[in-house]
């Protein structure tokens, strides 16, 4: 059974169906969307269950010729990394749908411009493309999804966002488009210079040998990904978009879309241009570390909840990028897991923040205070999300962050980077807990007193997120089992055969597993 | 002699010792998950879980005693926790004399404090949540001490930090509490930063973070590496155990409910640093420099804490100061190497008892004085709350080290060990003891002796049984504990397989020069306190006092230092960064857009609308093209 | 010897072009264009002579025909312009700009 | 006495031309003799049938091989010609469908604006049915232009194509002054530029002794690239051609003419004329002046860069939708020029030509569609062309706005639209010719261009509708057909471009016959 194309087809068809629902019958549209997203989730789960970590690198592969004249294939397939990211998307979408139930209606000061059903149709379109972008094994196909994804998100921000939505939407689209176009040049270069008349990723590995050429092409890809991810200094679009987008869209934007950037670094930069990757690693690591610290510091200074969360994500993307380029299997695996965990953690943060903002009607931290006295459960979920944001042990984020750091530390070359990055842990405690203190601590401020407690739907939004974050925090092994082989393969393509040996390797001496 | 080999355990109670952690964890989960449903019986469940955990600990302890000495370090494999690339951690528990003693202390004292809290929090609508957090703490603390690898320790380490954050800020609606909680967590994170780096270095050195492999091979590593590791771990220890320079959070932490101060900020969590240093003994023994720094930190803190304790009028803060100082002793002892480990832990346990007793006593007093914490508003309480007075008193005698109470045994052995290693440290410890004599007496007399200085609406009364019984039990512990542990070196012997022992173990001499001097100093201090706070009337508002007093009142300007050194620059940096991000980075982006727009606006004026100017452009264009082509052609 | 003719044609072409640029009256501007075309014709016949084939001459006839057609269209447009604006100045027609 | 042997004409091969011109002449006859009320009834079928017939003949020709120069080598009926013919005919049919809605055309061109006679001409529902023969003549010229195999025919074709358009520009029903002004400007500048074209022809004739492309190409091998006459001729000839495609610095006429002309005529010019002009341009530079490649390439590089930038940058601040589209068409002319200079060996040329042909089809159809939508957004004074009037169109007419957004996205080159693959094909060809700097400039220009397309979308969807917003005219059947066709083509060419690409590459196979 063609799993991946099915996974893409279902939401695509679903989107059409939702769009076809008569305008008045909004509830039906919502229910339909929710149902479709659940089906996708189920399918994804079944597929994941059949994935064999020990098996071939790419599984569930499908290859159809799409545009023979240009050697373009509609080629799908997943390795461990892609699989977990697809699972992430499949799990987040139903949650987002549930969370956005009343959101598309728009806020009082910024009424939505378009029908509710469109919003949900767009979510499904986006889901199809998200799955496609992770599943694509044809560079051109990847690029197509990479760019096409922008459009639904553009409309979600622009039509359903806050007061500054048009500015944010345009900024988002143009910024990403510029990156994408630079990448297009690199894609063309890859095709022309490799001269293989195919875009199949597997065929192109090792096709470019000249290091000079590699560097240029690497830059083309990397800048696009760095804008997407986003790394400092290409980040300023994210706070605007995230702050203006409705919470649901923000979750998909930061939780999944941006992961395409870091995923692309791992999948394309490292594998297609290994020499260039090694050449640029110091630069990338530097950017990443700057991002970690800088993002955190700027986050501390934010006055707008959503902007703050956006900046924390910039800091976190620094961790991911660092892990990807640290060139150790540990860091690589950690970074991949980080992509997943960050999706859930930031998702939780944005959604709770969304609940707060919907109730209070303001994004400004100063308008809050004493929430925990008024709505303990809401505040509790918020606290949980904040703790996940600051990577407290027992939560998924801790595992990935610690792994990334220790993996980077492992590579003696980037010891200093790892040390500086580790300090980010302290900063994260400051921005998260201070946010919580200002929002939930102290006596309830005016306007907060009247806030309502989480309702059933919202509880069902938070429950799965909390459950997943806890589960992955205590028992991350299943994901690692899937990720490890893929990352090892990627790194071996990138020319990293094994991690640096410890100065005195006890594990080997004693043959103990640990 | 070296510690014993670690044997992998399969069955028995020890095999099931994960229950120790699981039970309170489940308790916490239930209480948090089912929320209000459990309000009625939540506190009972929490207490039950803690007691059950204690039971398991006792059984495990008994079983452990069953083995002969060489086999008393038993490892329990739990599950494959974190296989990330070449960083692979299997989670397991290490049940050995060291960890089990901690487990007993944590669950034992913990349970007592649970019971006490039933009474103390009776009128708090969030009591259920309080017990959930307490259970969470117990679980985390047990992870910390029972884990068989440094990652596990780190998890527990941050876990207790989290629990302490939740409990200090339990009354979130008090801004002071919220701030204190955040401060505690952040300062601890600074320590954790060191701990994490230490663990990283351990991993890159040994390729693993399991005690089993690391400690056994520590000798093989280079001294530099070990020193680095040692110092990094010490940074962690300073954070958690409120040692200089990361002490500032502990006094603010008193914002939490008193049982929390007793359990977390006196008896258990704050001693984690001592556990870490002792556990990593093998590493420190390979790094004399690190050891020296440890002892210095310990000595400095024990004096600093004592000085702070002298000046505080807030009973809890005074006690907190003393906690700092007492932990200073433990750290000092732990820094001495094998010779000190046993005493450090012994003092830790004894301190666990008497400090808990006194904190709970203080709580009981506050309970009676409707949450008044200023000792200047106390006085003459011995008559109205006899049990509290008695138990607190016993704790007091124990801490100042009156023979034959526990403090005397444990502290004097530490002083002796210090003397044995370096007289300087020894004498510092002695002086510290003297000051202790003064400030603890001050607390004692201001609270229970002298004339009544109560607020008009205060009607002090003895606390309910549920609160007094724990006090009694704890005071018993603080009376006997030290003797049982130290006399005849039983405890040292018991710990030996876990931490090793010096070639010639230090026997306990009841009568020694330092011992005598200590007693004399203590009595002197006590006497001075008596004249100053019992005989002469105590002003209800604190006198301005000498520079030293203010210096002590202001926590030795620790906060002032942090503020001017980190906070203000930090805020300044933040503002700068935000400005830079908006104007600088984003400014460039928007500026570029604006530039293009401007160019467009200017260029479109060229389109004058006059056909002749268009023709001109065509003509000039043609000329240009011709010229260009001729130019190109002529190459 | 043919070069003189070429120079002349170039001159005529240039004069015509300059005329287009400097004259305001649409009719005159148009006549300047015609002048340019005729300059081309001169060049054609000259080259035909030079190459000794007739193509040039024939092309010249073609050009004349085309020019005639252009006149028809051109005058039509200019006249309507003149009727609506009461002026044949090309500078009066600049509503479309920027 | 030598008798002149009669010229051989392969009627079959030039049949499409003959059909169109024949129909045009017939149209004139109809104008002369048929009663007024009958005329349209005759013209419509006549025009459409002739165009359709010509298309059929073209297709039939395409199946006939080998292709060669017909009519004594005056007309080259080769692959590219046939493809361009097909394209032009399709675009012509579509444009005629637009034109058939005579609400766009003045009742009596000679009547003074606002005068009594105009009134009565309107009340009498008089219409200039001459429009149809004029269009047919123009189309005939467009067909002849890219097919002509010597400069004389090309000059004649140029005029045949242009003269009717000059007139058509002046026939707008509303805003007569603008319309007449546009006609005047177009006419004067067009005549001016054709004078340059002719002068270039003369010089080249002087060099080669013939105006046949074959002859000129041969002559180049004799004289080489150093001959001043040759270079001057090439340059002036080029000016004439570059003027027609609206390349900078010869673009000045485009915005004024596009804005002033009746929108259906603008559509025809923006699509058909552009295609024809590029066909001619390619033939001249690749066939006649191919040997001079190394001389004209750098110049065209410059022109291409200038054109892309001028088009993209100037469009940003436009406030009139038609003007904006005019500048966008300038920018696209620039992109197409990138393909023109991407010459190299035969294989390379084939790729470049394939790309160009595909781009022309994609762009032409999208353009007609876009202008068709423009005709539908009207208010009291006719079409509402000021952008501010388009605010909130997405709310008032979601479908129409959506379709227009689709066209804009295609112009911007977003994946899954025809525009993207067109851009890709051209850029890839340029890459193949190692014209990387050109490609970089092109993508940057695309990014800039994207801004104003996106801006329109923002206006239509994200901003609040103007209080007295324009009314959406109920589209006539023909107009709706146009819009639907164009939209469908834009999507289909973006998703399954292979058929058209295949045709293009087959057409490009034979390259140009000499």
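For clarity, chains are labelled A, B, C and D in written order, and residue numbers in each chain start from 1.
In the analysis below, contacts are C-beta pairs under 8 Å (C-beta built on N, C-alpha and C of every residue); 3 or more make two chains touch, one makes a residue touch a chain.
Every value quoted in this text rests on a predicted model; they were computed, and no experiment measured them.
Asker: Where are there more C-beta contacts: A-D or B-C?
Answerer: When B-C is set beside A-D, the one with more contacts is A-D.
Asker: Using mean Cα positions as chain centres, tell me which chain lies farthest from chain D.
Answerer: Measuring from the centre of chain D, the most distant chain centre belongs to B.
Asker: Which chain lies at the heart of the structure, taking centres as C-alpha averages?
Answerer: Going by the distance between chain centres and the overall C-alpha centre, it is A.
Asker: Can you give the whole-Å distance between the Cα centres of chain A and chain D?
Answerer: Roughly 45 Å, centre to centre.
Asker: For chain B and chain C, what's the span in angstrom between their mean Cα positions?
Answerer: 96
Asker: Can you work out the whole-Å distance between the CA centroids of chain A and chain C?
Answerer: Computed from C-alpha means, the inter-chain centre distance equals 66 Å.
Asker: So how far apart, in whole Å, are chain B and chain D when each is placed at the average of its C-alpha atoms?
Answerer: The answer is 79 Å.
Asker: Could you tell me which residues belong to chain C and also touch two or more other chains?
Answerer: Residue numbers touching two or more other chains: 17, 20, 29, 90, 93-97.
Asker: Touching two or more other chains, which residues of chain A qualify?
Answerer: none
Asker: At least two other chains touched by the same residue of chain B: list those residues.
Answerer: In chain B, residues 604, 607, 609, 611, 615 touch at least two other chains, as defined above.
Asker: Among all the chains shown, which pairs meet the touch rule set out at the top?
Answerer: Chain-chain contacts present: A-B, A-D, B-C, B-D, C-D.
Asker: Help me check something: in the complex, which residues belonging to chain B touch chain A?
Answerer: Residues 32, 35, 79-90, 149, 151, 154-159, 162, 165, 169, 172-175, 178-179, 181-182, 185-186, 189-190, 192-193, 196-197, 199-201, 203-210, 212-214, 216-217, 220-222, 225, 573-575, 577-578, 581, 585-586, 589 of chain B touch chain A in their complex.
Asker: Flag every residue of chain B that touches chain D in the complex, lowest number first.
Answerer: 593, 596-597, 599-601, 603-604, 607, 609, 611, 613-615, 617-618, 620-622, 624-626, 628-630, 632-634
Asker: Using the touch rule from the top, collect the residues of chain D that touch chain B in their complex.
Answerer: Touch residues, chain D against chain B: 184-185, 188-189, 192-193, 196, 225-228, 230-232, 234-236, 238-239, 242-243, 248-250, 252-253, 255-256, 294-296, 298-299, 302-303, 310, 313-318, 448, 451.
Asker: Could you pull out which chain C residues touch chain D in their complex?
Answerer: Touch list, chain C to chain D: 6, 9, 13, 16-17, 20, 26, 29-30, 33, 36-37, 39-40, 43-44, 46-47, 50-51, 53, 55-56, 59, 62-63, 66, 69-70, 73-74, 76-78, 80-81, 83-85, 90, 93-97.
Asker: Would you mind writing out the residues of chain B in touch with chain C in their complex?
Answerer: Residues 604-605, 607-612, 615-616, 619.
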